Amino acid sequence: MTTAVAPPASEHEHDAAHEHPSWLAHHFDDAEQQFDAGKMGMWLFLVTEVLFFSGMFCAYALYRNRNPEVFEFCSTFLNEKLGAINTGVLLFSSLTMAWAVRASQLKQTKTLIGMLGATLGCAAMFLGVKAVEYSHKWGLGLFAGKYYVSQVEGAPHSTVPYLWYLSIPALILLVGFVLYYVYAFVAASKFHLRVAGPLVVAALCFFGGVKLGQVLEADEGHAEVHVADGMKSHGLEHAEQDGHDQASEATAPAINLLGDSDVQSHDVAVSPAESNTPDSSVNQKGMAGLFFSIYYCMTGVHAFHILGGMAVITWLIVKSARFEFHSKYYGPVDNVGLYWHLVDFIWIYLFPLLYLIT
Amino acid sequence: MIPTILADINDSFWFPKQASNFAPDVDWLYNAIVYISIAFFVPIVAAMIYFTVKYRERPGYKGSFEALHNTTIEVLWSVIPTVIAGWIFWQGLLGYIAMQSPPPSGTEDIKVIAKRWNWNFKYPNGAESTELHVPVGRPAKMIMRSTDVNHGFFVPAFRVKRDIIPGRFHYSWFTPTLEGTYDLFCSEYCGDNHSTMNAKVFVQSEEDYAKFLAEAIKEPEDIVERGRWLYERKACKGCHYAGKDGAQGPGPSYNGTWGKSVPLAKGADASGKETLFDDQYVLNSILNPEQQKRKGYENAVMPSYKGELKIEQIEALAAFIKSLESEAAPAKK
Amino acid sequence: MSVVTNPVTMPATIPEAGKEDNYLTHSSGFLSWALTLDHKRIGLMYLVGVMSAFALGGVIALLIRIHLWNPNLDSAQAWFTNKQYNQLFTLHGAVMVFLFIIPSIPAALGNFLLPIMLGTKDVAFPRLNLGSFYLWIGGALFFLFSLFATGLDTGWTFYTPYSIESQGPVIAATMGVFILGFSSIFTGLNFIVTINTMRPPGMTWFRMPLFLWAIYSTAIIQVLATPVLGITMLLLAAEKLLGIGIFDSRLNGDPVAFQHFFWFYSHPAVYIMILPAMGIISELMSVHSHKGIFGYRMIAYSSVAIALFGFLVWGHHMFTSGMADVTTIVFSALTFTVSIPSAIKVFNWIGTMYQGTISLNTPMVYALSFIFLFTIGGLTGLFLGALSTDMHLHATYFVIAHFHYVMMGGTLIAFLGGVFHWWPKMTGKMFNDFAGIVSAAIIFVGFNLTFLPQFVLGTRGMPRRYASYKPEFQLLHQLSTIGAIMLGIGLLVALLTLLHSIFYGSKAPRNPWGGATLEWECSSPPPHDNFSSAPTVGDPYDFSRIEFDPKTGSYFKKK
Amino acid sequence: MSAPAADHTHDSHDHGHGHDGEFSHPMPIWMLLSVFFALLLLTVATVYQSSFSLGNIEIWMSLSIATVKAGLVIAFFMHLLWDKPLNAIIILGSLIFVALFLGFTMMDAQGYRENLYMNPELLGESQPAASEVPLSK
């Protein structure tokens, strides 16, 4: 998207409307027209983003108002603290991004790179915390939809090192960036140092995020399961009853022959009698599972947008390390900024909707 | 040409027979809209042709560049269509409300279960059938659900259509007004044999209907006969071939397999080896069809009859299949 | 790349001469096309792309019609098995909708014409423009994959839960749709920005040709509606991959919700298809009647009105699928509101002919048959918008016939008309007008023979997507099949006419039809940069100063 | 949607040509910081209000706070306040369409809600008896 706005770059600046400086694409009359076009394009792109997410918000609203008790039960598995911290981190990254725009307008390249680096770092940290959240849930078997494992008191934690898997890419990047930094240092290339520094810091921030997440996750223990006592889903109640009526009247023998789907076996395991286990009607694939589908879709797609943002910010760092931006040509920074704020904007809604259900 | 087109069940050029209380209104509105459309279409095309001829480019003729705007006429041709469209909407609304509002009392409630690719109708007295029987002159109410994918309940002669989407109930009611036999189609695409998911609708006099119910409820004494009876009513017939004649169904055929060992498909827990075709196998494949699929039928979908067939009914079916042992095996699918 | 940075400047007022530099000859070699940022070349590549997609979809359509020659009650005797038939109609729908109709006019003709008509050098984001072309290619590849892979059989609507358990390559197909969606979004975005920020001095909103108004309204829909399709397809893919169950009734998901999601895009998409067609017809009617368009503002406003109302009526695809009564009624009411602007346009086109000087050449013949067919399409919409009749007609051949009259009789015919109209401008060659008219005639007859019987089939209760049917429907089906073959022949003639012109056609003059819009001011084919200096913009429908010059065989503007 | 755009792009042109000067409006640092802290405060506020349950209005509470935050981000960080009105129209207009989408879909889902039943397979196959469902929709 932004690439389309950004013409081939060079350092010197002219601003005559008609002889074209190299940063001004040939089909534009002047810098302002180019800037306006780019900006309007970005706003339209944000519109598409908003509608893109609206689909998932629609699904959320649909199922939350269909069975609220499921959402109440499930949100107890989400760690408010982590959500709050991540919100803070994103807000801060928005601040640095806005600051970066200002810097680019004033041609304060040092500040610009610093701010972009900070934004990148925050993004990485956000992902680190998310990695902890995801891996913890997967450990509990809180998967989406049909892979959801009904929560039973004292169920064994999965031993799969999900967090480790999630960190591998970051680790690889970290190593790569460090090597790059060393190279830049040896080659004593100012340009490369300007680029490599922020990248190394950002990669480290990911692990900072992981640590932070683990600390907060630790004191949060998972006694969540208790919360969901005696909730009963309406429709299900009556479906259950049908089941029993049928069984009693007609199909007694057939019922005994039923193959045991795990839902069945689980119903035996968790009878509503047991006081401190979630009600079976909520705690199963078609209910809690659905919530986690929505949770993973929303946060997952959001996380992918973060990754995309990080990519373009890196691209900006490179460009600004080449001193390309100035008061006539800072469109790319401004537009990436708009995108980044939108990602923040989405999260501002996700946080209360997913984490703060009481 | 037209007469040959008309030479079928239709008594009008457009529609099949009007066999329900809704049909006359629907057809009336349809015809009304036809006349309205003609009233718009003919002048438009006429004007088009007339102008094309009259104002055609030709030596010595030069059209004018005026006539680019005329408020009165523009207002007219905006307002008039609006009014007409409003009227059509209103008429359609009335018809719809008639269909959606609660039926008069004394309805015959019939449970419709749509499965790929056959219909099953449960009557108040517990009788079941794969063809729909309804009494003439009395409102019949369909309480419909699907156990797999989307289906659609469509009886052209009644001008009634309702999709049947799994996970919820759908309702539809109508008062058959004309005795006879009509087609019932599945109107929502539901997979491979969507186009064969049809049934007949028998609109019968109260007596015949009562007779049908009485006959439909009692199962034959002889176990083999009961098996055949179930085979015909529980929609096995839709897919499974039995007897020398009849179409090759999407499911494995019954005859000539009993007591032999049949090859199984790979996958599920059928490990691709053979199994003996006996009571146990029949029982199992009726209750958990996915478990031991036959070779060559990997993609065939059979609904489970868990909770729908009593154990002794399954035995009867097994006995029936056994009775086909003698008959020749059909050509391999 | 180099193409951009050192633009060639040349006066737009160069005398017609064989050897002048135009966008075709500007630079040569495969890469000069593959990496071009010139909107004209991109438009031309799109044109080739969508036409081949149409050929594919058309062949599939013929196979379907031939299969339906017989009732096929005994599936053993049938041409195709039920499964193959389902795959065929799925691919026909998917290819025609996503690969042909949606990009046809906006991406192909729109790309070529928009900047020229507007009087600019290029669209706002040339790289993005090229990008969206390659996205289109990518999406097309996914589709071809699902064609040659095990075969997609969900219907182009991907209704759940069937699409979830279907054996076909649903994921590949949904990804294809997803990618194509973004191609279309970026095209629309590009056009909106171009029209908003790049209009040269003097080109005010109400001096824009109506084609641009249409493209603009279309672009609004593309930007607002397509993302929802994107997320829907994404969720469907996740449904298959991870079993998230949001649309899966087996996990208490809601299939009706899927239908809402899907039609929130796919109904406005109908206007993505028809609006540009209407734009083309507005141009054709006025140019070939040599008279200004009747009620310019009405048409301009009605385009935008249609674009916005189009978002309020998606529910009319779901009248029978168990929507709540309130919703059903509201959607029905709104549906009728959107029919009015279309009616107004038709009247205006007729009004345009009044007292004009009508030259009955190929594009005009196409335009006339558009009005004939589109009117039928529009009027039959009334039957489906009215609730009680829709209860009977929904999901029958009546619906099939209706939307083919709109989509094919409307969009395709307009597309062909537009291609013939701007062909001289695009290629610099004149085609054989007589052959063109013949093609139009064959197509017109064949089309009606194909689809008129289907209305009757529908009212008699022939459901759509049936591989076999009751014997009593056979005669009508056979009529339809004959028509389809005729239609195919007509399209072939049209294609041959165009191809023939490339090799044997005479050199096209600057303004062969006497148009007053800007694209006729630059030579045909246009130079690389369209206009070296910003052109003087006048009323796009002022024909009073357009005169024919027998020497050059071209029209010109009296000073 | 279009008319304002018309005038706008238009005079922006002339002025663009008139003096092709500054179109960048750097934002004072104090403003950036104060917006940021306002956002932090609001975040704390939502977390706090969620700690005691307010029942139904709770969601509206947190949503309205979120909306205020979003407003701040859009207005200042994305400097929509200083941007062309057209861009504001674009983004706010999109919200209308989101509202349409959610509105209709929710309204409909609410309407057919009582026809739904939990998928029997989740508890082993069982046939909901017709008697137990609300008759006649």
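We call the chains A, B, C and D, going by the order they appear; numbering starts again at 1 in every chain.
Note that in this section contacts are C-beta pairs under 8 Å (C-beta built on N, C-alpha and C of every residue); 3 or more make two chains touch, one makes a residue touch a chain.
Just so we're clear, the structure is a prediction, and the values are computed from it rather than from any experiment.
Across A-C and C-D, it is A-C that has more C-beta pairs touching.
Every chain gets a centre from its CA atoms, and the centre nearest the mean of all protein CA atoms is that of C.
Computed from the mean C-alpha positions, the centre of chain B lies at a distance of 43 Å from the centre of chain D. Distance between chain A and chain C, defined via averaged C-alpha coordinates, is recorded as 37 Å. Averaging C-alpha coordinates per chain places the centre of chain C 33 Å away from that of chain D. Residue positions of chain A touching 2 or more other chains: 33, 36, 40, 44, 47, 50-51, 54-55, 58, 62, 246-247, 255, 258, 285-286. Within chain D, the positions touching two or more other chains are listed as 9, 13, 86, 94, 97, 101, 105, 109-110, 112, 115-119, 121-122, 124-128, 137.
Contacts with at least two other chains are made by residues 100, 166-168, 170, 306-308 of chain B.
Residue ranges of chain D in contact with chain C, taken from their complex: 1-3, 5-6, 9-10, 13, 86, 94, 97, 100-101, 104-105, 107-112, 115-116, 118-119, 121-122, 137. By the touch criterion given at the top, residues 9, 12-13, 16-17, 20, 22-27, 29, 32-33, 35-36, 39-40, 43, 46-47, 50-54, 58-59, 62-63, 65-66, 69-70, 73-74, 76-78, 83-84, 86-87, 90-91, 93-95, 97-98, 101-102, 105-106, 109-110, 113, 116-129, 132 of chain D touch chain A in their complex.
Chain A meets chain C in the complex at residues 1, 3-5, 7-8, 22, 25-28, 33, 36-37, 40-41, 44-45, 47-56, 58-59, 62-63, 144-147, 285-287, 289-290, 293-294, 296-297, 301. Residue ranges of chain C in contact with chain D, taken from their complex: 196-197, 199, 201, 204-205, 216, 220, 224, 228, 249-252, 254, 256-257, 260-261, 264, 304, 308, 311-312, 314-315, 322-327, 330-331.
By the touch criterion given at the top, residues 112, 115-117, 119, 124-128, 130, 133, 135-137 of chain D touch chain B in their complex.
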